[in-house]
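Sending over a structure as structure tokens; questions will come in a sec.
The chains carry the letters A, B, C and D, assigned in the order they are written, with residues numbered from 1 in each.
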Amino acid sequence: MKAARLYKYDEHIGSKSLELEEVAEPEVTGPFDVVVRIGGAGLCRTDLHIIEGQWAPLVGIQLPYTPGHENAGWVHEVGSAVSNVEVGDAVIVHPLITCGLCRACRAGDDMHCVNAVFPGIDSNGGFAELLKTSARSVIKLPAGVEPEDVAAHADAGLTAYHAVKKASPTLYPGARAVVIGAGGLGHIGIQSLKALTPAEIIVVDRSEEALDSARKLGADQTVKADGRHVDTVLEMTDGAGAEAVIDFVGEGGATADGFAMTRRAGSHYVIGYGENINVPTIEMISTERSFVGNLVGTYNDLAELMTLQAQGKVTLQTHSYPLGAINDAVADLNNGRIPGGRGILIPEGAVA
Amino acid sequence: MKAARLYKYDEHIGSKSLELEEVAEPEVTGPFDVVVRIGGAGLCRTDLHIIEGQWAPLVGIQLPYTPGHENAGWVHEVGSAVSNVEVGDAVIVHPLITCGLCRACRAGDDMHCVNAVFPGIDSNGGFAELLKTSARSVIKLPAGVEPEDVAAHADAGLTAYHAVKKASPTLYPGARAVVIGAGGLGHIGIQSLKALTPAEIIVVDRSEEALDSARKLGADQTVKADGRHVDTVLEMTDGAGAEAVIDFVGEGGATADGFAMTRRAGSHYVIGYGENINVPTIEMISTERSFVGNLVGTYNDLAELMTLQAQGKVTLQTHSYPLGAINDAVADLNNGRIPGGRGILIPEGAVA
Amino acid sequence: MKAARLYKYDEHIGSKSLELEEVAEPEVTGPFDVVVRIGGAGLCRTDLHIIEGQWAPLVGIQLPYTPGHENAGWVHEVGSAVSNVEVGDAVIVHPLITCGLCRACRAGDDMHCVNAVFPGIDSNGGFAELLKTSARSVIKLPAGVEPEDVAAHADAGLTAYHAVKKASPTLYPGARAVVIGAGGLGHIGIQSLKALTPAEIIVVDRSEEALDSARKLGADQTVKADGRHVDTVLEMTDGAGAEAVIDFVGEGGATADGFAMTRRAGSHYVIGYGENINVPTIEMISTERSFVGNLVGTYNDLAELMTLQAQGKVTLQTHSYPLGAINDAVADLNNGRIPGGRGILIPEGAVA
Amino acid sequence: MKAARLYKYDEHIGSKSLELEEVAEPEVTGPFDVVVRIGGAGLCRTDLHIIEGQWAPLVGIQLPYTPGHENAGWVHEVGSAVSNVEVGDAVIVHPLITCGLCRACRAGDDMHCVNAVFPGIDSNGGFAELLKTSARSVIKLPAGVEPEDVAAHADAGLTAYHAVKKASPTLYPGARAVVIGAGGLGHIGIQSLKALTPAEIIVVDRSEEALDSARKLGADQTVKADGRHVDTVLEMTDGAGAEAVIDFVGEGGATADGFAMTRRAGSHYVIGYGENINVPTIEMISTERSFVGNLVGTYNDLAELMTLQAQGKVTLQTHSYPLGAINDAVADLNNGRIPGGRGILIPEGAVA
């Protein structure tokens, strides 16, 4: 089969980051294995960081390998004990392969499985015609939902939804949620807030275009990140700040800004990353504010997000490329030329 | 009445920090006012910081005034609308005077009252024979519990109990709670963990004496903070860290140490303060760990703590001084000469 | 002032149930008292039950007195210690006068205050020009919200909202909520479900007109209560039943029907009342289903409902009568002639 | 192997209810199968009901079959994909075989698996030398814990623990938990309450002997069920009742008694079964009380209970019989001759 493989890390992303080549097809070897024919694979900034080599010290995978961690498609082959999907089913793929037996798995906290594998990060992923995953990772798509349309939910959407779901118990009618960053994750966060909570949604971004889009997706108020934005949000919230600040940026000062916009007893949800949190403990204890880390989401979270997609309550902004054009897609993403910041790679001839 | 008053800030605490003098007695002026005859007033490190002037920029109180924010005693006089206590009742005093009408008060979150007053911090406190507070702040003591024995619960104990109560839903049988600091707050934290949860309690402190005391109060394991303590705690927790790290120190590296001892999906509870939290966001999101701020506690929290005291499940380690010896007490505290780190000032002749 | 007074119980409601007469105006006597000039007072089936004498054995009030337990208006006079409202403010009145000092009040559970008074039920209510209540019971209306338009929220709306809020943590995207009864409370329940949760809403009622109205307010599916309705709901829910059944009827078999429509691990929320729950315990334990009692709601619940009203997410269906026509209103209600089943009594000349 | 088989239902349990005979050994056929060599199998009242035929209409199993639903032992053989246990490991067996793939399984709610099998109830159980179960059902025993000592936890203990865990968030210091029935399940419930909560524990039973035992296990107060017991409990709770009533009896009036002992806003937890709940809805709504159904517990619940057992916080009262004497055990249980009401069947020669 065709696969786009990374042969060497490249700090300065050029025109040919990945090699498109023929590789052996993955095969079912264990009773719970599932091989998925890719219908769409999301390309995001994490892939740029992988190509640049930033993840190398963390995951120690041998090159060459196939990235691609946001996958959807159709079931191609199943192991002997797989009972939840059949060949031909359209599925989205939870990003982790989990053991199902550790305490975290037994509590539904898939992302804390102590034996997890993360295809596309620490093993071969979905920039290819076929992907090997597990019965525990595949979710049948509701009728009318196409793999290409939801692939980016597999990680980006799931992460945004999971963070919003954690914040939702504090978001009563009259409460405010600030969303920092209305890009790839943020626009799903806004729609998830709209679907799950009655909160007033305030969106902060540097781009007028992103703010326009945010308003269409349900933002109640938008604020240009122009240096005065912390004060503006405080004015909008009676000087008190928001019950929840959901930070999809995590760099360029977003962490300090977000904490400054957080109300007493409120939480700053960390999703975007890059900079350090650097806050005096006295400011946390004198106001009882918290920083809450967030990491993808559970299998059931992803199934719920598919329901919202099927109900039309959440839609994705993506731009498609044939798998063969992956290096163009990488270059476009790296140069800020993909609207919405999310490309979808589609193997030639991918159909149900 | 006699009161110990602060006339000027003094960065270098000397032998006469406060002036003991005669001042006018506080009087009931509003329908919900309660004047309490002090039976015991706690002296803690916050009082040293007040004398040193560290709180001056935060609360802008005019000198001279009377510190003392951990108070218990007997009801001396009540306003016309007070129905929950009568003259003569033994009471502990919640540290905040709250409005009872804002959203936070109506949700039971007393410490987030938008109209709160904090006697001893931003108005006259309990280093005196009488203290003016409110019906909403007084809790009748259970039979057999004496004001002198519980005064330090009014802030220190309440803070420790509240943080433990927040952590308790994550502390199932087999989970671990690390307590950093077995001093004034920590020893109440240990007892509260024992009373509220089935968790294994691991206590970290620099002092062997404090660790001895911790074992007597219920610590399952103790760890000397000797530079290897993070590794030791990780070894005790199968390399994974603890579900909850409850940090009563917040300086000298405790924040970084505590975060390093926190398990995936776990939380570091910030109670002690002083240094900054300074952590890469990628470490929070890749493990879904959180930093949770904590601030005193609710009125009901304090009532629950009085129940634990009456049941003998929690006891305080304090050292008493007559109010007239307050400057000795301040000097002893400043020089580390009060065992347990908590003095109790008792006005001469204080009896029920 | 004018007031509509009940002089004697009457099992057979006739044409003159209440006497309209001049009575002394209520006056502020305590520091927290608030007298409200009525802008609208809701009339509901509970008032019929009061007139019929069904509540007499429960509350022991002396006749004559003034019913009316769903009240909104403008602040007319305040006690010396009232700080949250001023004369002239438009307000809705929480149905209970609470003490603010018991454990339930201190936890925000206003409806479980151990010292509560219930004007209109156990003391004089709002079928009059003025009502005496407390600072703890009045909520300022958002700009643009008129007392007449929200009076019925004070009990009916609050009760429906509170039950929905309790159910909401179980209502994820894809979950189903069944609403039994789309009348006075039910139509607010449907709108509250829509505002607070992503659940699919299935509404069951005997009246096609009520089901039409339910669809306009947000019901995803409607089911005529025609004897086959339990089977129909089970078919709609893959044979499994709904995660939450919210029963606003509680008589005529609704309790058994609702339990039969409840999924394993789900709950039947009891709001309407009349019949007995009569269920074999083996059916509860073999499926882990629960029956959850519900009672009005908290002060903060009512404030949140006012926010939803101001945002246009909740509207009330009511029919207005001048206070002088109260006996017509009672007769109309008793004969099923008020659309939506909720009358609003407006004193002549009531203006801000 | 030897197995005790049921050939025909017998309403009047006699001296030979089960046939001890040689049957084929169960074998691993699927990748996740686990065959356990029985070290102990609990015998309880449910087994009497099975023999009497009460479960026949519910589960439709073909006779003859082998009962025994509370099992512990050592791993005898494992399927190709089993990674969590090895041959020889001492294990307790969760009573359900679950699919691991449905929404309930993926949320950790094992007892609501839509594909569950219940060995001993709807397939062959553990009154035999070997039992076939699944990797998802076996929990390794902590060092020092023997199968024979914990077998009765597999259903009885798990059920009691799970109900207590559900009640525990409402059980603050000063709250009261009433336990109805201090027998097989009740004595584990009392110990679980002691381990998980600071509540005052009030135990109600008809037997002085059971109450004696309850006091030794941690009951703070005991009440003889003598007809006055509801009043006695109300007197002990200031006339208000308990926050949680945990009913392990469910017949002979326990349901009505328990509800009458439940405080406003409190819950009656239904575990024992037999009679109907029969309560006017007005009593539920006027006090906001609930009836909460309970059903065994999760895999993680059972693992937690094993931790409590290993820590010595929970112990079981059982009486052992050789498997060959199973009909004696059945007769003893049926005639109330097993102290603690729980027999353990041990195959001859069962050792690690």
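What we mean here is this: a residue touches a chain if its C-beta (ideal position, glycine included) is under 8 Å from a C-beta of that chain, and two chains touch if they have at least 3 such contacts.
Predicted, not measured: the structure shown is a model, and the values here were computed from it.
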Classification of the subunit C:subunit D interface as same or different, half of numbers criterion: same
Pair joined by the larger number of C-beta contacts - A-B, A-D: A-B
Geometric centre distance via CA averages, subunit D-subunit A, whole Å: 43
Subunit A and subunit B: spacing of chain centres that average the CA atoms, whole Å: 42
Contacts with 2+ other chains: residues of subunit C: 300, 303
Category of the chain touch graph - line, ring, star, complete, other: complete
Touching residues (chain side subunit A, partner subunit B) in the complex: 58, 104, 109, 111-112, 250-251, 255, 264-265, 270-282, 284-295
Of all residues in subunit B, those that touch subunit D in their complex: 169, 172-174, 195-198, 300, 303-305, 307-308, 311, 313
Complex contact set, residues of subunit B against subunit C: 30-32, 80-81, 83-84, 99-101, 103, 106-108, 110, 135-136, 298-300, 303
